[in-house]
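Labels for the chains are A, B, C and D, by order of writing; each one numbers its residues from 1.
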């Protein structure tokens, strides 16, 4: 899995602070811009997020390039509707080299892994044969597994990212999307450390929200995300 | 494939007409309701849609139950973000009986079909074995193919449906999602014939929008959708 | 202020339950429909909402007809983007009879009220004169006050309504939109009592979420919304 | 009216091209980035937009600072739901200096203008008095006119901007929002000339879409937007 931050709104925290200040001020946008440039936004942004005034976070967007995730994971990812996606098409792109994800529970057991990989080889071989025999790629792909790798470019704004990390960085999320979400968080945290300081599963900023389904190790998780 | 209309906003065309009338009238909502009840909305609704005043169509929603489509198709479907989805989970539900979709280009050739089905059997057998040996269903499903059947409940409003049918009923759309979209259209057309009268690919109401990629048979397609 | 429930997805709670069951079941939609019809959804729906599996609530929509609210309130209302609106146009509809909202803090003081109403009369008189002298209604309306009444048809699904009521039924919300939201809640509670049982400001279902800005009377508020 | 482009996704056209290429390519994102950097995207982007593959435009966002528009205009603006807004609050900010917009049809006639301005002065005077006498600003503002100026920060992605300009730059749009939209377009055209080359009302890229309501001067309008 490879996750890159391809692009983002420059100075995301200044932009967000400016928008937040505008709501409560009689000053011109120019005056507010000067004020935002001069000083740290640390206290102010922390307060804004704590108050739940989250709409201002929508003014900062982040563009990720993601490769080497399975289609099992991309199917979960694209269910987040407040985001933009451009995904490599299995209809228009004929797969040349088989690439797939092996879940840890299978990979760690040599025998199981072998059976899994043997099956993958058979699948991709038949896929290739069918395409060569004239079956359209868009039909041959019906064979391809959930494990098949995909590439996707994803844009989310900071508000949606906070929500996404809240759900998908949690121990209860599926392991592959959790790994992906955690990589995404580590990347945006560098660019907008104030916005994403307490980001991650709900136990990072407060109490576990999973009730009886809790992983039971909030302290450990909190530590991990704080140090990300 | 099985597509049912499970539920919808009652009297969708009256509701949409009422909303449209409100925008341009000084009357109370009660007065407008009486006026809408008394008379046919045929002319009025046709005009509203032609004018592009489409936001009023959002007040009518339709809930579909869809079964027996492949995950190749559901992955395309859920990319429509102005809609609501509840899909059978491959994480939480262990597949007991193998169900999958065979594309026509494979089905029509007995030999290809056999190779495809043999592979499906192998895949589902290994899936079952791994689950029985203790691999979590959410990991074993990495084996499962795009062809695997899924069930999904989908809600879209009439505005989004017009857009969805425009894209997905077109000959250029992938065959399985086209079949599904066409079934959906035939169901809503019964309940809201005025709203969906010219619905379908762009050639139904006007000119083909596919440029050089046109299927070249707009007259035939138009006829098909008019009679749906 | 007049708030009516004009229309809604029939049997909203059965529909929502069906969608929730589908996610975790191997049964067909038909089998699940039978199961949902036969029994109360009380326990099940309560659990679903508590778990935060809120997306299933999107399959039930509610259409409201709202009259006699000020444009100050409609401007706040339409900021909720996951909803559909059809509003009486001040561009296309020339106001014939002045209708406006007087805030309680002004209404309760006879002298203030008189000054306010005198001003309203002057405003509407000049509006009328300008229109009669040939100024387009869309320009004359620049005179009209935030207090001016408007009519609007609003559709929201149950998930967005829970969010809307959470924000707008709170004592900290502006009084007019709070009054409107509370009327809306009382109407949907009759049709979907399980979904909206604990709906309202956050203090109804749990702790106050307003921090230092709390109204300080959560018990009283909770009682009010429970009995709605 | 003052419209500034406060911020935007850097290299918007490279970002959009990269996303479009990914959908149809077997290359890695890194390889595609190199290819996009090396060459002009002129032909490619033109083709993408003409084909209607508009979702890729969502990866580039633009943040505008807008001041000196009336609340009549901001009420229309915020009806566009695929956008983010932070607006100066009339609840929390007490207006100190009266600022308002005078429509051209009133401004051009000295007598009408005088009557309009006299009324504005009365309104703002009463607003000020009521606030000084203890009426909360959130109630006193019920007096304030649609003409009252507001400040707003708006973020839209390039896809939504194309749609917004299509509707709001048209001669049929209300004059103030048309002026604002045209200023916005002139600003983004400098930063993403390929994306916005044919942007504006529908007559810029093709035929007028207003039917009988056409302004009747598509050639003139087209020229104006081409030279923007």
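As a convention for this text, a residue touches a chain if its C-beta (ideal position, glycine included) is under 8 Å from a C-beta of that chain, and two chains touch if they have at least 3 such contacts.
Please read these numbers as outputs of a predicted model, since none were measured by experiment.
J.: Hey, which pair has more contacts between C-betas, A-C or A-D?
T.: A-D
J.: Measuring between mean CA coordinates, which chain is farthest from subunit D?
T.: Measuring from the centre of subunit D, the most distant chain centre belongs to B.
J.: Give, as an integer number of Å, the spacing between the C-alpha centres of subunit B and subunit A.
T.: Subunit A and subunit B have C-alpha centres separated by 28 Å.
J.: List the centre-to-centre spacing of subunit A and subunit D in whole Å, with centres computed as mean CA coordinates.
T.: Once rounded, the distance between the two centres reads 30 Å.
J.: Spell out, as numbers or ranges, the residues of subunit D touching 2 or more other chains.
T.: Expected reply: 85.
J.: Which bits of subunit C are touching subunit A when the two form their complex?
T.: 50-52, 209, 211
J.: Which subunit D residues qualify as touching subunit A in the complex?
T.: 4, 6-11, 15, 18-20, 22-26, 28-29, 33, 55-56, 58-59, 61, 63, 65, 67, 84-89, 92-96, 151-153, 155, 157
J.: Considering the complex alone, what residue numbers of subunit D touch subunit C?
T.: 70-72, 74-75, 78-79, 81-82, 85, 90-91, 100-106, 112, 115-116, 119, 122-123, 126, 129-130, 133, 135-136, 138-139, 141-147, 174
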